[in-house]
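There are structures below to look over.
There are two complexes below, and they share chain A, which is joined by chain B in the first and by chain C in the second.
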Partner chain A sequence: MDSSTASILTEVFFETLGYWYIIIPTIFLGLIVGGIPGFSAANTIIILMPLTLALDLQSGLVFMISLYCAARMGAGIPAILVNIPGTAGAAATPLDGYPMAKQGKGQQALAISFVASCIGGLLTTIIALAAMPILARVGFYMHSVEMIVVMLFGISLIASIAAQDMVKGLIAGFLGLMIGSIGTDVVYATPRGTFGFLELYDGVPLIPALVGLFAVSEAFVIIEKRVIVNHDGEPKAPNWGDTFEGVKIALSRWVHIVWTSIIGLVIGVIPGAGASIASFVAYQQSRSFSKTPEKYGTGHPEGLIAPESANNGVTSGTLVPLLVLGIPGGATAAIMLVVMQFHGVSFGPSLFENQPTVGYGMFMAMAVSYVFMFLTILPLSRYMSHVTTIPTIYLAPMIISFTLVGGFVPREYMFDMYLALAFGVLGYIARRTGYHVAAILIGVILGPLLEKYFLWSLKKSDGDIMVLFSSTLGNILWVAFALSIILPMVFSMRRKRKLEVPAE
Partner chain B sequence: MSMKPTITRRALLGTGAAAATLTLATPGLLRASSFPERNFSVYIPTAEGGGADRNFRAFSSVWKTRLGVEFEPSFYPGASGRVGYEIYMGKAEPDAYNLLFGNIGPEVLNWAMQAPSFDINDYIYFGQVDKDPCCLFVGAESPLKTMDDIIAAAKTRKLNVGTSRMAHPASIGLLALGDKLGLEFNLIPLQGGKGTVAGAVTGEVDFSVLTSGSVIAAGDAVKTLLVFGNNIVGEALDNAPSINDAYDMDLPEMLSTRAFGIHKKAVDDYPDRFEVLTRTFKETHEDPALMEAYIASKGQPEYLVYAGVEECEAEKAAMLELGARYKSLLSGA
Partner chain C sequence: MSSEHHKPPRQIGGELVIPILSVGFTIYFFMTIWNSPWTAQVSTFMIGGILLLVCAIFFIRCAIWLSRGEGTLGFGNLFTMDDFRTGRIGLLLTTVGYVALIDTLGFTLTTFLFLAVSMLILARGKNAVFITMISAAMALTGWAVFIWAFDARFPRGWFETTMKAVLANG
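Entry: the complex of A and B
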């Protein structure tokens, strides 16, 4: 980094700090919209577009970035406390976050999530800033063939979940993949399995599926109990001690935060890939190389850190292709592009030559937002965790009505509310009969993406299946994928063998 | 008996209040008979954040000042635009307050591939916002730098070509080029303009074809090599030649035409409302503020061209005919 860049960065950093009066209210707005299922940074920016366009460039930029970061973090709050992931990017968060809340550790779980999100987000922002030219190249190597393997990393989580009950786990996973194949095909736009419903032409909408499988089904389950917290988990008065304990747990696993947030960053810089892929892949990798994989899914802090660090890593990652190549990495980045172009900003390779303060300013706005978020949100975990002690006779109807509205919001179809209810019933039956809803959901979320990359690969090779092994990077990923499946099994066998050897 | 006209305090106050109410209500009563009385809902069959979003916002920001109400967009992507049209035709009230903002080229081609559930004559396009020819472009770092490079490479292997969707005028332009040169190309639908640009830039495909407005907006990340129509913007499209000039062809222009549409029933039932829409639409085109807004949204001034019902309908018919001709190649049938 030369001295002129360093001076620009310093100047932009202090300038961004001066926008605290925009950042702090936006953080709270972002937390709210991120926490409400169906709302997101993208549709909030669209709703507030007249305001964003009326602001000057720097203010608009700071507003959008703060909202983006805060919404990402906000989505984790209801995922942890009431099993409602606000967005697909938070779909892996409840796997361990919600069991913690049920054990009366909601406050610790929130603190862990906030620390993992802020450190993950801040760290990846710094890495993205420092290594932008290199990261921008990732998209040049990660094509459809390579993305198939990345998808398989995430989908293989089904097998991990199925390990508890292989037949039921695989049935649930395949059911999810089948549901995920509903919609028009990516090549000729031919409708499949839509049962004539126009609303399914674009595939099964993610938010109704997400809130239905997780939240509505959970509401049906918790109504049978007095409060969310289990009988053996003590609903106790919130205190600072639990928050600090959560912070301590997260900080003691800083290597884990670093590692999984980098997974998020790398996946984030690939145009079209998103936070849902990153969080599932990070969770799967975290579990695969854990010394205690059996604890995942039971309220294990590392199972919460992995998806939260990763999905915040994606946030900074999506800015890289937008700024360097002019290609938005996701929906929010695409809308940012519209706003920025309205202000006359030209993205692409020349951005850092012509308007360096804009390019660096976006990363600085992100870094400053994460710092402010850490300071403002962490103390709130003490109060937020109260939710788990609300009697379920009030909480369950609230969850159902809240999530049905959330199911409606993204597309404004009544159909989506019915769909959320249908998924809720499916999820309830699955829970009561020992099928894992997460396995169904992974299929629903990652199945269509896997199919898209698979069909593109086959189309590019005129149907030759060997295209899957045609690239060097792809082959390296295949080996890594095989190792990530085999090595944990080997480690597990070794551990068992050690335990079987009597102590001398 | 003589009646002495008297007025009590109560009557005076009552009459005064009635008069005041009537006076205050008069503009409202007059407004009630005018059009529009409320905001317009605009159905857009693509995702937010793309070229349609940009154009819509630029145009409606000026149009709304003439009508005094807002244009509220709703985005319905999916199935190559089919979802948005089906929702508009199936669910939106045909009252001239519900409008469509589509792209005549690729979206009408869809109907040639697979007929929609409604009669395609039940809606019309009444006003063209802009029109740009499709083009062929490579990523800035592509090893294929010229058309000669592409032709030479295509003779050794089947090149993969990104397109927004199979049924797209740009796809037809490429297939026509392949016919002329005896080359075979493999079209890869990359689901939208952003994906198509990304595909060419990152090397997912060898090169891409797309509407030139979106290619220009991608800036120096791409380089245009050929235009499936007339290059009226010169340097903005890297001075790329027209396909007809370069290869001695007689291909009609492969155009992307963004236009507002409306239910035919609304036109028939509310001719006065339709007249307001078409008149103010044309006036908006004549307003210099539109050009400013269009350029601010990265539009090319040369592409901002007005066309009314007749021209739009003629293009709709031309696209249907073109689609029928290339159906087997574009639909996999």
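Entry: the complex of A and C
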């Protein structure tokens, strides 16, 4: 980095700090829209488009970026406290976040999540800034064959979730994959398994599936208890101790935050891949290489850190192809593209030569937002965690009403509310009879993507299945995938052997 | 060992619901793609085939449990009379009502009615005044934030239309 770039970055950093009056209110707005299923940074920016276009370019960018980052972090809050991921990107967060909340460690879990999100987001922003030219090329190398392996990294989480009862776990996962296959196929648009509903031709919409499987079914389950926190979980009075404990736990696992956020950054750079894939892959990899994989799913801090730092790593990753190549990495980035084009900004490598304050300014806005988020949101964790002590007779109906209507928002079909209700019934049956709803959801989210890349590969190779092993990068990824499955087994066997030795 | 003998038999009937639904859905799915191009079939036949296989393994496992007397075809893990006592059935019915009525009555009014009725069912009629107030406050907050402030695409009815006219005319 030469001295002129450094001086531009310093100048832009201080200039962005001056927008605190936009960033702080936007952070709170982002937390709200991120926390409610059906709302997201993308559709909030669309709703507020007239405002965004009326602002000057720099203010508009700061607003959009802050909203994007805050919504990503906000999605994890209900995921931890009430087992309802605000977006698909937070679908892996409740796997360990919610058990912590049930144990009365909601405040600690929120603090861990905030620290992991902020450090993950901040770190990946810096890496993205430094390694932009290299990262921008990642998208060129990732074709359908390579993406199949990336999807398999995420889908293999089903097997981990299924560890307690493999047969039931696999039934849940493959049922999810079948549900994810509903809709037209990507090559000839042949409708499949739609029950005659036109609304399902585009596939199963994610938000109603998320709302039903997690929120509605959870609401029907929690009414058995007076409050969410378990009887032995002892809800505590607000105290700073738990927040500091959470911060300490997260900081002591900084290496974990670093490598899982880098997974998010790399996946975020790939156009079309997103936070949901990143969080599932990060969770699975974190579990695979953990010394205590058996603790995952029971309220293990590392199981919470992995998806949260990964999905915040995605935010900076999606900016790279947008700024360097003019290819948006996700829905929010696509809307940012529209707003920036309205203001006459042209994308591509020339952006950093012609308008460096805009190019670098977006990354600086992201960095500053994460710093402000850390300072403003972390202290609130002690109050937010009290959601878990609200009597369920009030909480359950509120969850149902606000999340069901959230299922309606993305497409405005009444059908989607009925669909969310149907998924709610499925989720309730699954929870009561020992099937994991997260395994079903992984299938619903990743199944269609896997099929899409698989079909594209086969189509390009005239049906030759060996195309899956035709690229160097793909083969490296296959080896990495095989190692990620085999090595944890080897480690586990070694650990068991070590434990057996003293017993002998 | 003795605790093993006193363990209540496994309620296999409830556990079979999802595999049976899965088999039914997979067969239906296969029927819809039987005459389709191979692109529509290849991955779903693979996924569905594995699902059918895993379900078959589960059915065999259940049959073994049943033959050994380790389980029954009961649905106790899925549905009990407690579901009436806790208000779960009532909540389910009000939820169905909420989805059915929201298109006609609009978000605010339906949410108020749903919250009030379902909370009263779960609270067994206690704290009616508090519940009515909190339901009204939640529904009005939802309207103010999502419909009035953000103009979100929520279902609209009489209340929203009236408020829009009132606000437009000062």
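Details
Simple rule for what comes next: the second predicted complex is superposed on the first by the 502 of 504 C-alpha atoms of A that agree within 3 Å, B and C clash if a C-alpha of one lies under 4 Å from a C-alpha of the other, contacts with A are read in each partner's own complex, and residues count from 1 in each chain.
In this text, contacts are C-beta pairs under 8 Å (C-beta built on N, C-alpha and C of every residue); 3 or more make two chains touch, one makes a residue touch a chain.
Remember, it's a predicted structure, so these values are computed and weren't measured experimentally.
After superposition onto chain A, partners chain B and chain C are found to sit side by side with no clash.
Of the two partner chains, both chain B and chain C are touched by A:Y188. In the overlay built on the shared chain, the residue A:G463 is in contact with chain C alone; chain B does not reach it. In the superposed model, A:I429 makes contact with chain C only, not with chain B. In the superposition on chain A, A:I393 makes contact with chain C only, while chain B stays out of contact range. By the touch criterion defined above, A:L380 lies against neither chain B nor chain C after alignment on the C-alpha atoms of chain A.
By the touch criterion defined above, A:E412 lies against chain B and chain C together after alignment on the C-alpha atoms of chain A.
The partner that reaches more residues of chain A, of the two candidates chain B and chain C, is C. By the touch criterion defined above, A:I46 reaches chain B but does not reach chain C. Minimum C-alpha separation, chain B to chain C, in the superposed model: 8 Å. Residue overlap on chain A between its contacts with chain B in one complex and with chain C in the other: 186-188, 190-191, 412, 459.
Looking at the complex, you find that chain B touches chain A at residues 47-50, 53-54, 57, 74, 76-80, 82-83, 86-87, 90, 110, 113-114, 117, 140-141, 158, 160, 165-167, 186, 188-191, 194-195, 197-198, 201-205, 217-221, 296-298, 331-332. Chain A meets chain C in the complex at residues 32, 39, 44, 47-48, 167-168, 170-172, 174-175, 177-179, 181-182, 185-188, 190-195, 216, 219-220, 223-224, 392-394, 396-398, 400-402, 404-405, 408-409, 412, 414, 417-418, 421, 424, 426, 429-430, 432-435, 447, 450-451, 454-455, 458-459, 463. Across the complex, chain B is touched by residues 42, 46, 49, 139-140, 143-144, 183-184, 186-191, 198, 201-203, 271-272, 321, 325-328, 331, 334-335, 337-338, 341-342, 344, 346-350, 411-412, 452, 456, 459-460, 462 of chain A. Considering their complex, residues 14-15, 17-19, 21-22, 25-26, 28-29, 32-33, 36-40, 42-44, 47-48, 50-51, 54-55, 57-58, 61, 77-78, 86-88, 91-92, 94-96, 98-99, 102-103, 107, 111, 114-115, 118-119, 122-123, 131, 134, 138, 142, 145, 150-155 of chain C touch chain A.
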